[in-house]
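Letters A, B, C, D, E and F mark the chains in the order given here, with residues in each chain numbered from 1 onward.
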Amino acid sequence: MQLLLINPNTSTEITAKVLSAARTFASPGTEFTAVTGAFGARYIVTRAASAIAGHAALDAYAVHGAAADAVILACFGDPGLSAMKELAHQPVVGMADASCVTAATLGRRFAIVTGGERWGPMLEEFVASIGLSERLATVRTVAPSGADIARDPDSALRLLTAACDECVTGHGADVVILGGAGLAGIATRIAADVPVPLIDCVAAAVRMAETLAALKPNKAQRGSYAPTTPVETTGLSADLAARMEQRNS
Amino acid sequence: MQLLLINPNTSTEITAKVLSAARTFASPGTEFTAVTGAFGARYIVTRAASAIAGHAALDAYAVHGAAADAVILACFGDPGLSAMKELAHQPVVGMADASCVTAATLGRRFAIVTGGERWGPMLEEFVASIGLSERLATVRTVAPSGADIARDPDSALRLLTAACDECVTGHGADVVILGGAGLAGIATRIAADVPVPLIDCVAAAVRMAETLAALKPNKAQRGSYAPTTPVETTGLSADLAARMEQRNS
Amino acid sequence: MQLLLINPNTSTEITAKVLSAARTFASPGTEFTAVTGAFGARYIVTRAASAIAGHAALDAYAVHGAAADAVILACFGDPGLSAMKELAHQPVVGMADASCVTAATLGRRFAIVTGGERWGPMLEEFVASIGLSERLATVRTVAPSGADIARDPDSALRLLTAACDECVTGHGADVVILGGAGLAGIATRIAADVPVPLIDCVAAAVRMAETLAALKPNKAQRGSYAPTTPVETTGLSADLAARMEQRNS
Amino acid sequence: MQLLLINPNTSTEITAKVLSAARTFASPGTEFTAVTGAFGARYIVTRAASAIAGHAALDAYAVHGAAADAVILACFGDPGLSAMKELAHQPVVGMADASCVTAATLGRRFAIVTGGERWGPMLEEFVASIGLSERLATVRTVAPSGADIARDPDSALRLLTAACDECVTGHGADVVILGGAGLAGIATRIAADVPVPLIDCVAAAVRMAETLAALKPNKAQRGSYAPTTPVETTGLSADLAARMEQRNS
Amino acid sequence: MQLLLINPNTSTEITAKVLSAARTFASPGTEFTAVTGAFGARYIVTRAASAIAGHAALDAYAVHGAAADAVILACFGDPGLSAMKELAHQPVVGMADASCVTAATLGRRFAIVTGGERWGPMLEEFVASIGLSERLATVRTVAPSGADIARDPDSALRLLTAACDECVTGHGADVVILGGAGLAGIATRIAADVPVPLIDCVAAAVRMAETLAALKPNKAQRGSYAPTTPVETTGLSADLAARMEQRNS
Amino acid sequence: MQLLLINPNTSTEITAKVLSAARTFASPGTEFTAVTGAFGARYIVTRAASAIAGHAALDAYAVHGAAADAVILACFGDPGLSAMKELAHQPVVGMADASCVTAATLGRRFAIVTGGERWGPMLEEFVASIGLSERLATVRTVAPSGADIARDPDSALRLLTAACDECVTGHGADVVILGGAGLAGIATRIAADVPVPLIDCVAAAVRMAETLAALKPNKAQRGSYAPTTPVETTGLSADLAARMEQRNS
């Protein structure tokens, strides 16, 4: 099984980190191609950066997406996810989408712990957009960004554990998601200190991608994610233009 | 990986049918134990039968659940699911729960096609209980029960295909779930004739169970699914009584 | 008027306590039969105990329900209520259901004070299931169980009064429900110390049962609570089996 | 028990009709005083008439409300209900409010059949305001007004029966409310021809008023329905002015 | 452009104050007629006063409404707004309605700061009635009434600034509305001290009225705000009676 | 007053058309600068095109936004709107956002008539994202695209009138929005044939932009639309990169 992992920010270190985590969580026989956004923000921590990342994700898919069995959109918050589902002929899995639905099967109310203050309202809006607001206990944006966490892991682990704990004792969460590419792999390190199940967002996305690839669903021919008529474009990369206009690039 | 498949109705034919389908959809290395409800209705097509099945599922878990890595509650509608999650130390996956969240990752709005007229409102209430009402396009209960479908498959396949089509063209579904143990394995037979992705409920449950078992989440120690204090009981099976009272049976 | 009072736990003391309270609140001419669950938990304080109680309530109804003008399901949380409404030819009133709708006619937002920590999320889910979440101010589960309250009433009354007060001042409740068979009759003892109307759940259920019996509604012949076709069963009590299979036991 | 029945329109025939029906449905020992709005519309079939009726209901209460054990606001749609609950020291029951909550205890989804086309959106908004939208199957406003129904009852009964039937077969209603003072007493005449329980709005209101009077809830001293500080007024009736200014008239 | 400003309370000082503020915010060429309620409460701070104000607003419109291009209902909380929209042939703008939708275009979540404790739940219900509850961060009812604010502005400004700040830091508001005729003009005085946009409710209403008058929408001929058939009335002012009965007064 | 009108598709004809309509609807003294997207789709009729347009809108703003008093995002569906609100120091008005809130002040339920089949679900999701789903009667996507309408206006007007009518008679709309740059100016041509108020989306956006510019709200310093810390970028236009990195370009 071939999975395409698209990191829509422009930081190749993050791509490498997510890829490494993804391999850890994958089933035997699953192989990955990992690509990085060609343009946009180094870290996606604002609404503007996220909007640009939606374009960058589509662009990366147009260049690299042909052969994959499923695609993982590896930015927690899933910029451009519904456009990706429309454009792609394979299943597309967002890290936040996969994490939320997986968490929802484990407990009544889930919380999200992530880095980057602005993601608080952005993720509340994302969860609302997938219809799960009533199952969201809270979003905690701990101070360190993914970059900060990389610099001082011990203090970050303590901070993250405390944030998870606050989700449980202060907000009634039955499950906690560690969200964000920067937190890939951390769930296993702090799980023993958190009193409810912890979800690693990369693990959830990899497993959901494997599941959808295994189910081999037909591409929708009707409805909101069906292929569209050709769209004339200007100023896009050759591959994305070809994809939108439905010709070979 | 060892999965326990609990059919909470009392029909061993259905248990065998679901087990056979589950094996088809499982990853290499996944093994199943399948058990049938010790009491209750032969087919679960009423609210009363479903309420009794909640008890039967707990009972079956108490007898057979010790060694499994995850549990599948193999009645679409998931009777007793939240009680199972409380009682079990492993992840518990309901066929309806797993199907709905999987469908939700594939499209905006999903529909359910199943047998048994009474399941219409019962499944609407189930989907509401997991917070996904706004993503449910419709529930279609085609006339034949699981038993009827077994008797005349050709006519049933035509009927089911038409029902799926009506979900797409009449109700805007982006994805359709074939729900019910009696429909296990049918999705692959009609997928080519349906214009959107089809979800087989057994496949979705098996894959979600494998995913949760692989994530090895800790049993919640806090919140609504944490272990309870011992509960004094009367008139239950020895195994269920022992489980409720938290002693060895 | 003849009311059947079903206590679906297995504690006859609780049955006696609820019956005694019910007589206090009933209109002249109302007579009661009170029955206790034949199996299950002594006190219902977990999801598993509640699921089993749904079966026990159906069983008790099958044995004792023939002659009643209406039925009261005397466990606050109403296990098996919708299955009871399907099975019974008379109106069935749940203590939580009746209390919530009565409270809703007295004030904008109501709170529930009850015993048993686990009932917090369980009652939030119940209130959601009847569509009244936006009118629920809060659920407070004070530490003492019904049993504890029986042992030290003075301290319990103070504790309950404080909990009611917190619902009003901290959560904006216009009305408070004292929920749980164990709290039957306590509302009148603390009402003078609480700044908003207090609802006794037994009183609300008895009055609603009298109302529905007086309205003499026809049994639904269509829809989700209509009689079902006969259901083949195994391993149930003779009376419940007969009822499910729609023959005389 | 003394109930005050306020008809907030200005038609004494309607007052007499509702009073007569109320006596039919009341328990032994319940006595009624019935009053008619001093100003406003003869029949309330517009938003403007309903807004004026809210004032008229308060006015009638100020003149006649002192001695009642509970008050019934006898216009289906309940103009001024929350203001009445604030002003009155006794429980106040609206015919629509009582009917909806009573219907909600009998079935999952209820429908309303009433006269007056404009009441369609007005009642949808009312049901939303009490938080029960998801349990409302539909509102059917059959052509005849209350007055028309009085003129040709046979044709009206057939029309009403057909409307109820359409609520069940076309909209999945488990219960139907016959709403409106003009339909008082009609439910018993057509109940045999409707396949689900029918609610007479006067019966529901009378029973709920008896229930609340029997519960003798304290007047709220906190929150949204507590007594207010005195309000200086101009141009109101002497009694209403006195009530608002909290002095004896 | 001619705007009719209806203050539905009976305080001419408030009318003058709102008129003066309205002129400040209006575009060149906009002219105002301002009228005061003929009956009802001096200040509207209770549910009963608000219900009466709905009638008073209709009455004022019937007397003065003929020539206006649009109407402003100048009581924050908008008593009688939907009845006004039905009765009037021009657009009718409520101060709360206009402020909430304007705030919603500026930020995700808005808060309301107003005077009068009872307005807390009343405004929550109003915001729910226009479908914007999920965008409401909080309602803060600071202690001083409009009258108090007039008496000691400095302390009131500090209090209001602190209340706005609490909406932002404690409740996540992106925008704050200063609601209530008594606060007209204050937003500009404290805007520099509040970290998010402030909305003056009079400014929002004036601008929305100008917008709707400029759009010159046709009076609805269908639906819930279309003209009604004539309504027979008793005891109303000659002008309101004529309007309801659709004849010249 | 200076308004910047950003058409985020790449069709200069559409920009000219919207600009021309905007001038028609503007107040005296309002001046416009109109810009066209530098890259992306010629017409935005797919999810992918809309995602790219979000980036293009930000880019256009970075180049041209400095001097405007307010910004109009002139694609009905408002791609990138919340990112624009974050990035811009002036108010930003989306055509769909402004139209929906304006419609909501004119009637209870509004409908949208637009071109492009795919916009049906996309606009339902947009309306949900601004919290107004319960006020949306329906979205009708009539067959002709904006381009088709330009080619055969007479037939298009008849088609549009019929679509508006269907919204009123079949879906209970109190107001209808003609959505899409391609329909600018058409509302006035068919208003006489539609039985409820019609909203021209350009008119609504222009008026709302004038209103917000007149209110001169402070840029939020807190919350979700406050300025962000500088964001490092790659591969963006010099102006957008400068804006994201908060330096002069």
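As a convention for this text, a contact is a pair of C-beta atoms (placed from the backbone, for glycine too) under 8 Å apart; a residue touches a chain by one contact, two chains touch by 3 or more.
The model shown is predicted, which means the values in this text are computed figures rather than measured ones.
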item	value
Chains touching both subunit E and subunit F	A, D
Neighbouring chains shared between subunit B and subunit F, ordered by label	A, D
Distance between the centres, which are taken as Cα means, of subunit D and subunit C, whole angstrom	27
Interchain centroid distance [CA atoms averaged], subunit C/subunit E, Å	45
Shared-contact residues (touching 2 or more other chains) in subunit B	82, 85, 108, 121, 125, 128, 133-134, 172, 223-225
Topology of the chain contact graph, where touching chains are joined (line, ring, star, complete, other)	other
In the complex, subunit B residues that touch subunit C	10, 38-43, 45-52, 54-55, 58, 80, 82-83, 85-87, 118, 120-122, 125, 128-129, 223-225, 228-229, 231-236, 244
Complex contacts: residues of subunit C adjacent to subunit E	108, 134, 172
Subunit D - residues contacting subunit F, complex	121, 125, 128, 133
Contact set on subunit D toward subunit C in their complex	25, 27-28, 82, 85, 91, 93, 97-98, 101-102, 104-109, 130-135, 168-169, 172-175, 191-192, 194-200, 203-204, 207-208, 210-212, 214-215, 217-226
